[in-house]
């Protein structure tokens, strides 16, 4: 176990701090996981996401954050989870993916997720692009 | 066949009456299955749901109504059918599940349905909780 | 209600008999709904399918059986339910769809269900075609 | 390959022209694939749909357009892609399916896609029926 | 934060120990999360499941373990994840649900997940019932 | 239109040749799209994939092939299309992704696609890793 242990902080405060920092890099400051409903009804779950998802998984060195964010955007597109996908389109922009690359990835998925899913994901991406206008 | 027969009413009026009564326990009075579109376009289907879903299945003694309603809420969360899920959050409250239990069940599902699905389901639950405020 | 009532048999024996007859047209003689597990664990559910699915829905005159069987095959392809899809490929053949039409329908779905789903459905169709060889 | 080649136009302009014509039969004049986001962000993808989906696949003689449109409507219902489904409900009306047949098909799917999916699809169909009122 | 903190062990060893104990109650002794592939390729992920899924979530007092296991079985049925579903059918038996209740729950889901999904889940349940024969 | 035209070969033979070449880079020599069923029942569809999927989409310069292959692997994991996913695990290896990166990507997806989907995808990846042993 000890060999895996060093890959995860054994201390909750450390995991939380690391998770919050990573999430801030992705989503910008002050964006807690989930919607207001999550914060209100299940604050422990919001904290669990910081610790167990962002703190434990996102920071592992085997894959860089830029790639993690991009493939998560892909997963959300395939699942049709549009509100969360918008968050990951923003995160992809923040981590250096261009609009052209994001659009191209969504089109690449069309033969797999279906053309309608690609239309829906392009519509979601465009909303994010507009709110990120320089 | 006769051994199964006695578990289902053989008479349509009886099935309809039982289904309507069970549904009223779950959803409150006067809430027919489906949306106005179902009532308008496919009234026979609305009746079929009363007879074949509520009349035939929901009343079987092998599982109590409280459990049936809760696992149906879970199924709708996993499928991402939020408008119907809201109905079953309300039914769960009506049959004695607490808000805390409903929230906890939705969080329990996160490692299976995914974190985004849990966020969406919590948002749906919160809408119901607010409209059920005492 | 009475206007819809006449569209459904009010008597369980009548519904069961009609459902069995329709299913036999589709699947050939002696093929009860589900797998041996359904027959063994939930015989009442097998009967419910005869009565409520085949007896109540499949025989309605608003859509002919040939079309019902074909669109059900499509639905099962999209859902990736291959063992049941095979049954409906067989039913489609039995009701007069050609192999060429079935293949073409599965390919038509590719831009919607995705190319991989079409490959899987073609493989399922081919198994049925081989077992139906004249 | 040459035997299959003649089934597809080898020339892009021809494929595009054929695809546009077929799509116009289905959707009425001037309705490009996708939403404004598709047109704006990925015009090459909109063109690809005209050529590769409508030009290459929809016009093949093995299955008539009326059937293709209907089974695509079914696929979109099963996937829960309601905005695109509405387009194919309209296309089904345009190609000669009656409202009664469309409603019946959506109800036929209930035991496969689930009752909630059928409620959602009926609501989508009703919106289209209302905007197509004579 | 401190109010939520006490609901989760802040110490990794404690979380791991608690998770392993809970999982053993559910699955019997010596069944690590995942398949041999998970153990071989991603041992840190297997440990993460013990700590973050079983250690953090399953032991929370807001919902008893018996209910958690049952609704997880439901979620896996709806998703069509049959190999994991089998594990949760076994866990449901171990925690006191009867075969009759498990069968009834799977049938209850039929109008939501679809009849074919219920057939597949009954077949999975039956395999488990046979291997648990007294 | 002309501005988009230059991004796609207007000539079918050119598109086919380019598609075959790209696919060979990904899958190794002699692996036609789909299974033997696709080749036998729908050779025109296999050709369509070469032309319209690989020829038109995969070669676009906006995203490199290495990234396209990786995100397609992710999409197939989320969809649970394991036989095709295996092909894209192999393609990812061929295009320079390491085993460690592939495993890490599949684990990254766990909070989105669910833990069971990650177990299934790891099992699929391991099969490919074993057949690619040096």
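Letters are used for the chains, namely A, B, C, D, E and F, taken in the order the chains are written, and counting of residues starts over at 1 for each.
Note that a contact is a pair of C-beta atoms (placed from the backbone, for glycine too) under 8 Å apart; a residue touches a chain by one contact, two chains touch by 3 or more.
Just so it is clear, the structure is predicted and the values come from calculations on it, not from any experiment.
Touching subunit B and subunit E together: A, C, D, F. A comparison of the A-F and E-F interfaces places the larger number of contacting C-beta pairs at A-F. To find the repeat of B-E among A-D, A-B or A-F, check which pair has over half of the same contact pairs by residue number; it is A-F. Look at the CA centroids: the one farthest from the centroid of subunit A belongs to C. Residues touching across the subunit B and subunit F pair largely coincide in numbering: over half of the numbers involved belong to both copies. Rounded to whole angstrom units, the spacing between the C-alpha centres of subunit D and subunit F is 26. Rounded to whole angstrom, the centroid-to-centroid distance between subunit C and subunit D, based on C-alpha atoms, equals 23 Å. Chain centres here are Cα means. That of subunit A falls 41 Å from that of subunit C. Within subunit C, residues 44, 49, 53, 57, 60, 76, 79-81, 103, 107, 110-116 each touch two or more of the remaining chains. Remark: subunit E residues 1, 4-5, 7-13, 16, 43-44, 47-48, 51-52, 56-57, 60 touch subunit A in the complex. Listing the residues of subunit C that touch subunit A in their complex gives 110-116. Taken together, the subunit C residues at the contact with subunit E in this complex read 33-38, 40-42, 44-45, 49, 53, 76, 79-81, 83-84. Those residues of subunit F lying in contact with subunit E across their complex are 80, 99, 103, 106-107, 110, 114-120, 122-123, 125-126, 129. Here subunit B touches subunit E in the complex through residues 49, 53, 57-58, 60, 62-63, 67-68, 70-72, 74-76, 78-79, 81, 100-101, 103-105, 107-113, going by the rule given at the top.
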